[in-house]
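Structures incoming, each one as structure tokens.
Across the two complexes that follow, subunit A remains constant while its partner is subunit B and subsequently subunit C.
Let's look at the complex of A and B:
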């Protein structure tokens, strides 16, 4: 399992287009992806799970990725949360 | 925040008649007329539809949470609509929508995200969705969401 914390850099938060793009990414991998924020966990494999996090701009969120392609998936999420999300 | 604080009993529609997304949203928004929560329904609806263009708020699992923040909203509120036959909503999973939560929020702050997160957290559970689909009274709706 790979665990990593990110700061949400999208001005509108992990919501609307950023949330949809994130969900599309999660679905590309076999690994299970769990979100943790303020002690609450949610499955990143559903939009309800992602939106339940209330991940607003500048908030911190932990991603736990586990499965056979977790290394590849975690690298992809790095790129998403560090760079791509800013322009969505 | 408790959902009952923003979802008033008179804002529950047990039988949404519309079968398409746009009509269903308008049907629910009509409940906000003369409530004092929204001063200009058309301006508020424009914000909801604009948000819908970015990505469908049909979130899968038979659930849609359309929302808009607008200066035409005086105070945050939620209209709950339940469809017995299902609404063609262009949802994420292609399935019809049976449970709709229409959020109206003032322009400022992230209040709509807070309400959205709150409702999402409940609807993740299949039990809650089933109870809402079967609810016959406002009390049952509140119990399912509590």
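Let's look at the complex of A and C:
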């Protein structure tokens, strides 16, 4: 399992377009992806799960990726949360 | 008369159309163990049906033009097929033997309730989307057509408990005259949409007992809603409506124009705000930026001192949404008369002359630094300026600027970006500072004259005291001399001369201030078009004459009469 912390850089937070794009990414991999924020866990494969994180701008979330393609997936999420999300 | 909260200005008169969102109710029809599999199949069909329905809406939208709407519908599609919702639905079918329609309503309600409890307003509002998707699925399962705003026959005022986002997207916008809803807030879908369409909206008002087709009237400014009005009431509202539309039309004409005199001299007109969301009003008012951002709201609405992060978010929002226009942020102006529960200040005999504003901030570097760091960090995202209130001595100005420099150094050390050239200026509201403006002009990047306090301090008049309130007049020759001196000092030093008090919104004072050389007027957004109109109607040469004449007069009343009679 790979666990990483990210700061949400999308000015409006992780919802609407950023949430949708993230969900699409999660689906590209076989690995199970779990979100953790303030001790609460949610399934990253669910829009409701993502929204229930209330990940506003500048908040911190932890991503846990586990499965056969976890290394590739984690790299892809790095790129998403560090760069792509800003311009969505 | 019913009264709610007006969230979008305007007046509408027309027949009511009562939109019932809750047409789908629980049937309480139980299933047997034998039906479980077939009900689960029906649930899958309902999801497919709802997705197809939403896809149809999506296909009709232009992804370039309606980007936000497309995002909204795409999220709805995700919600319809959400695994979390689906497993809850299956649970209701398998464990509680609920029929598929009841199961989706109950499952959506369970999840929506969880969102209801969220503290972030935006995420809390998603509960509406979730209930909406529950009803869409139930309608599919029951084979019911939902009431729709897409099929309105005559232009009407829509009365509803609440209006779902997907419904507002499909709505026939030509036919909606106004919205009246029981639920909602300033930031709800309905309010935002109404403002965009420039139609009135009132939220937080009961729609109980309103019947389809009944004549109704809505005032989106006052929040008044009338059902079956009398002829007299109707006449009053018709007149109000006409005035409003005339005003809006003339306002719009001015919006895109600059505040330029007939001889080509341009001044800046800005707005005063107290909440970062109000930056939207820059465009509405046709302003050049924000001349005064009062930051007290961040402190007043809080239970404890707001942290750097929270403040940063607010200032950044203002910086970004001002779209490159300047935003002047005034640092905390709090004291004896406006105390905070978490920041006890002992009662003072003269709070206006007491421990407040910059005096308090210089004494409490923890509070001051958190705010300055937040402003500096936000300055990387737009054009921010820092303004200190109640500066009364050069020593205070130097010390305050020193703290700004310390914060800059810290941020640079942490590799956090900020605008290294951020302008740092001061309010001129203490008479001694106005009198010595030449000295302050050497150390300040701009002046902003706060006429309310300046007037009160210079005239020794408490303007809240009704017995002497007639003594309070910003046209007092002594006050005008302080103002003139401040503007002159700024002009000579080559720094901006701004004004952010009530006087800047006084149309009669505009030519006088213009003639004195004021560069920027900052005021409430509603007054801005009037000042712009006044500036555009005069020449700089004439304004200088007017200022000269006014300064020769020896009483406030004479000056006021002279200025008000000018055409």
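As a convention for this text, the second predicted complex is superposed on the first by the 88 of 88 C-alpha atoms of A that agree within 3 Å, B and C clash if a C-alpha of one lies under 4 Å from a C-alpha of the other, contacts with A are read in each partner's own complex, and residues count from 1 in each chain.
As a working rule, contacts are C-beta pairs under 8 Å (C-beta built on N, C-alpha and C of every residue); 3 or more make two chains touch, one makes a residue touch a chain.
Just so it is clear, the structure is predicted and the values come from calculations on it, not from any experiment.
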*If you stack the two complexes on chain A, which partner ends up touching A:58: first (subunit B), second (subunit C), both, or neither?*
second
*Should A:49 be classified as contacting the first partner (subunit B), the second (subunit C), both, or neither?*
both
*Give one of first, second, both or neither to describe whether A:16 is in contact with subunit B, with subunit C, with both, or with none.*
both
*First (subunit B), second (subunit C), both or neither: which does A:86 touch?*
neither
*Would you mind listing the overlap between the subunit B footprint and the subunit C footprint on subunit A?*
13, 15-17, 19-20, 23, 43, 46-49, 51-52, 54, 56
*Taking the complex as given, what residues does subunit A use to touch subunit C?*
11-13, 15-17, 19-20, 23, 43, 45-49, 51-52, 54, 56-58
*asked:* Applying the document's contact rule, which stretches of subunit C touch subunit A when the two form their complex?
replied: 68, 71-72, 74-75, 78-79, 82-85, 111, 114-115, 118-120, 122-123, 126, 130, 309, 312-313, 316-317, 320
_Touching residues on subunit B, where the partner in the complex is subunit A_ = 51, 54-55, 59-61, 63, 65, 92, 110, 113-114, 116-117, 120-121, 123-124
*Across the complex, what residues on subunit A touch subunit B?*
13, 15-17, 19-20, 23, 40, 42-43, 46-49, 51-54, 56
